Structures are given as structure tokens and as C-alpha cells.
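Going in written order, the chains are labelled A, B, C and D, and every chain counts its residues from 1.
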Amino acid sequence: MMQDQQDNQTIDMMLNMGPQHPSTHGVFRMELRIDGEKIIDVKPHIGYLHRGSEKLSEGEQYHQIITLFDRMDYLANFNNELVYCMAVERLLDMEPSKRTEYIRVILCELNRIASHLLYVGTIGLDAGAMTPALFSFIGRDRIQTLFESISGARMMHNYFKIGGLKQEVPDDFVRMVKDIMPVIRRDIDQTEKLLTFNEIFLSRTKDIGVITAEQAIDYGLTGPCLRGSGINYDVRKSEPYSVYQDFDFDVPVGLDGDCWDRHWVRVKEMHESLRIIEQAIDKLPDGDVASPLGRRLIRPSEGEVYVKAENPRGEIGVYLVSDGTDKPYRLKVRPPSFCNLSAIQLLLQNSWVADSVVILGSLDIVLGEVDR
Amino acid sequence: MLSTVKGMIQTLSSTWRGLRKPVTKLYPENPTVLQNRFMGFPGLTWDKDIDEPFCTGCMVCIRNCPTQCMTATMKDNPKFADESSKRRKIVDEFEINLNRCILCGICVDVCNFDAIVMTHEHEESGSYRDGSRMKLDGLLEIGGKYQTQSGWKPAPKD
Amino acid sequence: MIASTGPYFQDAISTLISLLTLFSFLAVTVLSLVWLERKALGRLQLRLGPTRTGPFGLLQPIADAVKLVLKEDIVPNEAEKVIFWVAPIIVVISAFMLWVTIPLTPSIVVQNLENMGLFYVGAVGVIGILGLVLAGWGSANKYGVIGGLRAAAQLISYEIPLIMVFVSIAIVTQTFNLVEIVNLQSPVPFILVLPLGFVLFFVSGLAEVGRTPFDIYFAESEIVGGPFVEYSGAHWAVFFLSEYINTFAIATLTVLLFLGGWSGPFLPSIVWLLIKIYAVILLIFWIRGTLPRLRIDQLMAFAWKVMVPLSFYLVVCCSIYVFYGLPWWALTVMSIFGLGVVGVIIYQYITAPARKVAEVRERLRLLQMSQEE
Amino acid sequence: MANKPDDALEEVSQTTELSPELIQFKTLLESTFIDVELAFVMTDQIPSVVVPKESLHDLCVFLKTNSVYDSKMLSCMAGVDYVDYCQILYILYSVENNCTIGIKCNVEYDCKIQTVSDIWKAADWYEREIHDLYGIEFEGHEDMSPLLLYDGFEGHPGKRDFPFYNYEEY
């Protein structure tokens, strides 16, 4: 009898979550060590989507790399294109026209809304609510149709060029954006009303996956994940790039650093983005958007730049080293999702199996960017 | 509890909306309206004045393609000899591997002769893998279709 | 020993016929439910739902069924073959057995167990759990094991309030006979007499059939289908079948026990019953379209801290009512009182995060205002 | 560019006019690390220091705890292959003071470098990534298993001599 009891000691179970799990947001794999329903330890595995974008861009000319940036964070294409164009423009020591900058900001903020809308939908799916995902896609579809009429593609735009835009926006651009604003606001409300203050959703996300401000900085979290912990850090405010200093907007900040605060920050950010778009569309200056470089081969002088910008997921940085040829010597991207995801080990410890998907959802990772 | 009730009311009203006018459309019957600038598969344009393609096979697009999805060869233009055309060289073979093409539109930007366009074609499908390698006549066909549909004109020469 | 073979034989034949009728009735019902759920959820989410097969996609469930039956039935290498095979059968048999005694009208019933009806329903309903646990364990999948254990915990916990509601109804009506219970509701349906009982029954019924927000044991986004994760083809179809039969059974029992069963003016009684059942089912779908899922510990806490004490309170109320022979509205008052008290407690409990959020935000706002000044 | 030795970098930094941020940075660090050879350059608009790999760890600890630079966040870590050596760039950011500084450290390929993952947790994955791409060993790092590449991948794809297009297409 005693022997039996000794043999029947409980051991922890290894649970392999991903890469084909529906809620790991792509090909991300976690090895969970669980005791019953409690997670004791987690070992994340990434790299299933590693396409070597950084290495590939060493073999591409400067204007071709924009297509690679489109495919890194495939939910915020315009923002990614912007940061790369800014980096090369800094390397070339040139400035695009004001109209270009304004159109870029409008498109980036629209893309931020589209990205956050998708986030609201997916966190709903992770928490088990099916309807918000479908509601959020209505708004996202509207924005993408707008993008299609401007750039010709719904996701992989390749619209920002170094020093300008690919082509002038359509004639009714201002009207289209003005028309879409109230509709998008309604879509956002409709989507998040089902979630944000829903009692079950609150009980699923409040005080779950808490990360304190110190830990968040230590892990290099940025974007809504850092702001959810109560730190007011937004590259658009701290080091304004493009024309963000012209606009009046707030940076929503959470308090507790839990899943709900991260969710709330994103929901508020969508409204702030709408404010920015409203101001930008009113101030939209006339001018030329074509790049002064034309079809010339871009051949910057030797040098290195580090440019950062605020993506929907956090701070994206581009470190670009040029050796004077038509191809970059080295291009390194600081992907926001990569840093945000590295905190998963801390966040998941001592949480429930059911919470793991919600926490992962609240980090809002894009694996295309994590793995590059 | 209140928020839950609010959510229930909202889904009820959305059911009413869904019964009257759902957002989803049936696909082949009501295809998505393509915007004017939609970038589908690339196609080659046809110079109707001289009755030959615009493309001279100069390989600019091929060198600028980020994915190396195209190949082309050029030949001496027979119409140049009888002076009906100003093009000394003309495209002989042109192939685009549509599996590799990422529809970025760089080839259109760099082309000096307005010879390549992003057509509205996006529903190509084939039963075998090699079928997506599109040859010159296929490219000219979809390009010509785009030309007639959208009234495309080459940019005026300076 | 054995009575004359004639009536016995006749009895067997008639039972067989009625069982076959029941089977086909349930199969048709499940098909209609599948279509209804997909269509209702689709319209709720501004989608179209099935459209291709037949008018309004009415033949979609049949197409699904044919596809599932024709599909290859994959058994994992590591699985316990026997258990893997037996588990779905246990689940579906228990789902069918439940229906043997549920009357659709006083006359349409396979075997109205005179003094056992409600008791039988309570007893047979539990068997299905076994099938789920076996399915989870037998498929040699860790997600399946977690799902099976979750199913066991959840279903057993919610069985208690369910049975306690049966007990209180039996106390009030002094019978286990379902037909009798429905007949006793002719002036006042029991939803007015026992509102608390209705809420308890409906909530634990949702948990019992694993409907949102209690779809924890097969939560697709966490454990990818739980016990069903390794099943495919006909086996999975059987699970699917039993799930919908159980949903239909819970809706039917809700109607029979609380909404006055088949009684209603003008229309024939079976039509009234079906109208009421489908109304309850649409309510279930509506809830599914709105709410997120609870977590397993929250679910268990809700069962043992709220539902079980409340169901005991209900039994006590009913006993007092019967013992002192009070008028029926006295039970309503007691029931509403219990519902109110617990409602306030639940409200306080589940709005705690929301209130905390509001409070902290208010503090932050005041802080910012003072800083600006 | 590719073969620029260390002393050449130093010369550049001494001859060109230094920006005020860099001078401030320089005076602070030179007063603290007296017997360490430090070179100061601007990386774009970021004042940076080129530090020998022996004193990298101390410098990082100093910059994290220093009140002026207060670099609590490791914003980015990038390896650059200069054929002879690998340069590792650390971009540090202070949320409170809103200032960015860079540290550069040149490592030969057969040498090891001290880890900074005990100073910033963010360095954990970055160092694994650099280990994947360039094969630099980080001393004291707990887990150097491949992060982006699969187990058993041969070669270091970040290096300049790693071939690009040696695959066959259908």
C-alpha cells in the first residue's frame, strides 16, 4: 500500500500549444508545463515564420525593400512602410513634402484603427465570444476598401515611396475619408460594446496577466502593452516624427498592467487616431507628392541611421547601415511584437490554461513580425 | 449585469439588421466591386496604332522585380525595317510566374514605355502548378482586356 | 411466469415502432436545430448563414451529415481503441434514453413512466458525462484529457442544482409524472410560481449541455474541442447529434416544467409545445451570440457558491409551502426574494472589476485635475 | 566601410566636431571609466560609445543605474557583420528622461562576449537571435538554443558570405 502511494506521485504535464493551435495567433508554439489547470512554466518557441527579411533586404535595392516591410507586420503595412521610408530619407538627408507627410499620417492612423479593430475581434474570440470578431471585420473591411481605392491593394500596398508617394491620392480622397469617419466610429463602438465592459469579459481579463511598469520596461515592452502598465510612452509624443507634432491628441494610459488595461488602451487609441485623422484631413495642404528622386537609383552615402516610430503594436525601430552602394549593408528591425512576446514567460506563470490564450491575445502579436 | 444586458440588446438589434440587410454578399453573384486602382496580375499592353506590344523587352522591370518573377528576351522588330514602327527592338518572349509575383507594382513604376500594367485580373486559377507561368500571349490578352475595360491610355510623351 | 405472449408481443412491437418514430423525430429535429443555429447566428452577426444547398440553405445539415458519414474515421495510433469507439455511443445512448419518457403531448410519448418520469430524466442525464470523460481519455490527447476532466467537473457540479429543481417541483406537485406536472400548470405556469427555479434550471441546463457562456469543456480557443479533438467522421457526428439532442431536451424540459408545456389557446397542443421549445432554443442561441466564455474556476465557484445553496433554499421554500398549505403566490414571493438577494450578491460579485475600474479611473482623473491646477 | 579598423573610427570621432549631447556623454563616461579605451561616435542622432568587450558589462550596469542616462529599457540590439569582426549595437532608452544612447562593441568571431541579459531581460531573445545569425557566443546566458532558426541549422545566415539564392524552384 505504501509502495503504491509512492508510485502514484503526481507529475506535471507537458502541454504543447501550437504551432497549429487556433489561438496562438499564427505559428507560435508554447511548451506549457501544467499542474491540473495551472501553468507552472512555459517555454516559448518562435521562428516558424522566419523568412530572413533582414538578410533578404541586404540583397534588394532600396526601393524594393518596401515590399518586404509590407510583409513584416502584415496588419499595419502603412506604418511599416512609413518607418522604412523615414529611415532611408534620413540617410539621404531629404524631406518629403508636407502633403506627403499628411497623407502618410492619415493612412497610418487609419491602418492603426484597422489593426486595433482586428485585435478587438481576436481577443473576443480568445475569450470565447464569436460576434465581436465578425463585427470588427465590418469596420476593417471599410478601411481596407478605402486603402484599395488609394493604393490599389488591400493589405500589401507598396504605396509609400522614398521621398514621396507612388501616385497622387484620388480626387475624392478627402470626401472618402470624411465619409468613412462616423461609420468607423460606429463600427468601433458596436464592436467594443460587446466586450469592454461586459462582466464576463472583465472577469476574464481584469487582474490577469499583470506586468508591472518596471518589469515592462525591463522586458522592453512598448506600445499599448507598456502603456497598459501605466507608463506614458509614445514615440509620437516623446520624439515626434513625420508631422505628428502638428496634432493634438492624448495618449491613453492604463493603470494595472493587466489584460483589460491593455485592451482598454487600444480601444481608446482608436478614438485618438480618429481625432488625428480629423485634424489632418482639415489641415491637408496642397502640393506635390511625387518623390524628387523620380526613377533614379537610390544610392545613399555611407552612414548609419536608427529611426523609430510608433506602430499599432509598439515602437518599431529600423537600424540601417549603408556602404554607399544601391543595397543596404545591414538592415535591422526592432520589431515591437518580438519584445512584447518575450515577456510571455513572465506573464503566463501561475495563470490558468484558459488565461494563456487571453494573455497572448492581449499582447497582440503578429508572428510575421516576430520571426521576420 | 447591465453591460451584459446592453450587449444582448445590441445583438438583438443586429439580428434585426442582419435579417433585413446582412453585410455579407454572395460571392460569384455579387463580386466585390474593384476600385479603379486595384492591382491585379500584371499584363502587357498593346499599341493599337501600330498593332504591336509596347514592350521592347528592355528588362528594366526584370531587374527591378523584388522577387525575380519575370523573364524576357528581345528581338529585332520586323516592323522597324519597313518603317511602320519606331521601335528598333521588340519583345520576343515574356514570362511571368504569377505564383511568385507579389503584385507590388514596381514593374509598372519603372517601365519607360508604359508597356506593363497591373490589370484587374485576380481570379486566375489553374489545375496544375506550372499553369501559373504566364507567357506573352496570355499577358497581352489580360493587358488588352484591361485596356478596353478601363480605357487605359499611355502617358503622353514629353 | 410470463404473461400470455400476445399482449407482451404487441407491447414490444408498439414500443419498437414508437422508438423508431422517436429516433426519426429527433434526427429531423437535430437537422432543423443545426440549420437554425447557423442561420440565426449568421443573421445575428450580419452574415448570411448557409445559402447554397436548397432554398435558404435548408439542405445544409443533410449535406453536412452525408459528408460526415462518408468521411474517413481516423483512430489515433495511441488511442485506446475500445474506449475510443464506445465513448460516443455512451453519449448518444444517454441522450436518446432521456427522450423515452419526455412527453410531447399527453398522448405522444414512448413510455410515460407513471411515478418515475422526472426521476428517470435526472438519473439518465448523468450517464453522458461518462462518455465525455472516456472520450477525452481514450483519444490519448492531452487536450482531450483536460477537456474530459473539465466536463466531469462541470457537469457533475451543475447536476446538483438541476436535480434540486426537480425535487422542488416534485414537492410542489406531489408527483414525478411529467404529464401530470404539465396538467397542473393549466392556470398558472410554474415560471410564475417558481421564478427562482426557472432561472436555476435554465442556467444549469446551459451548463449541462455546454452552451456559451459555459462551453468550457470543449472551448475551441483553449483546448481545441476538448474530448472531441481526435474524433472525425461518423464518430464526431454522433457527438454532434447528442449535443443537439441534449440542447433540445433541456429546452423541452424547461417548457414542460416551467412554461406550461403544451397548453395554449387556439392552436393544437403539439404546435404550442414546439413554438415554446424553439423560443427557448433561440434564446440559447442568442446568448451564445453575445457572451464570452467563463473560466473553469469561475464556473465551479458559480456552481458551488451560488447555484447549489440557492437550489437548497428553493427546496426549503417548497417544503414550507406544502407543509403550511400556503397560496401559490406565497411561493412566488419567497422565490423572488431568494432571487433578489442572490441577484444582488451576484451583481456585486461580477461587477466588482467594473467598479474597481471606475473607481481607479475616477481617482486618476482627480489626480490629473489637481496636477493641472 | 567593410574593413574599417577601430583606430580609424577613433580618428573620425576626434577630428569631426562633436555635438553637445555627445560631449556630455563623453565627459561623463571618461570620468568614470578612466583606464578603458572608449571611442565616441554619433550613430545618426544618437550619441554612442564604442567600448571594448571586456568592460561592456560594467558600462551597461553604469548606464542603467546612472541618474543622467537612466537607461532602464534596452530598446534594440543589432549585430552587424563587418567581415573581420562583428559589431553589436545596443540602443538604450530612458523613458523618464526621454533620451537615447547607443553602445557599440566590436567582437571577433572567435571570441565570446559577456551577456547583458542579467541587466535587461529584453536582451535575452536579442542575444539568442544574434547567436543564431552571427554565431557570437554570449557568456553567462542561460539558454543559447536557436530562436529563429530550427535546431540543426548549419551556418550563420546573418553573415555577409552566407549565400542568398541557392535554392531551386519548381
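Structural remarks
By definition in this document, a residue touches a chain if its C-beta (ideal position, glycine included) is under 8 Å from a C-beta of that chain, and two chains touch if they have at least 3 such contacts.
All figures in this text were calculated on a predicted structure; none of them were measured in a lab.
Nearest to the common centre of all protein CA atoms is the CA centroid of chain A. The greatest centre-to-centre gap from chain A, using C-alpha centroids, is found for C. Set side by side, the interfaces B-C and A-B show unequal numbers of C-beta pairs in contact, with more at A-B.
Separation between the centroids of chain B and chain C, computed from CA atoms only, is 54 Å.
Separation between the centroids of chain B and chain D, computed from CA atoms only, is 45 Å.
Chain centres here are Cα means. That of chain A falls 29 Å from that of chain B.
Averaged C-alpha coordinates give centres for chain A and chain D that are 26 Å from one another.
Across the assembly, chain A contributes residues 131, 135, 138, 194, 197-200 that each touch 2 or more other chains. In chain B, the residues that touch at least two other chains are 1, 3-4, 7, 10-11, 14, 23. Taken residue by residue, chain C touches two or more other chains at 44-47, 289-291, 350-351, 354, whereas all remaining positions touch fewer. Put simply, chain D touches chain A in their complex at residues 1-2, 43-44, 46, 72-76, 78-81, 89, 91, 95, 98, 100, 102, 120-122, 124-125, 133, 146-150, 157-158, 160, 162, 164-165.
Touching chain B in their complex are the following residues of chain A: 60-61, 63-64, 66-68, 70, 131, 135, 138, 145, 148-153, 156, 158, 166-167, 170, 190, 193-194, 197-200, 295. Of all residues in chain C, only 40, 42-48, 51, 286-287, 289-291, 346-347, 350-351, 354 touch chain B in the complex they form. Put simply, chain B touches chain C in their complex at residues 1-4, 7-8, 10-12, 14-15, 17-19, 22-24, 26. The touching residues of chain B, when paired with chain A in their complex, are 1, 3-4, 6-7, 10-11, 14, 23, 34-39, 64, 66, 102-106, 109-110, 118.
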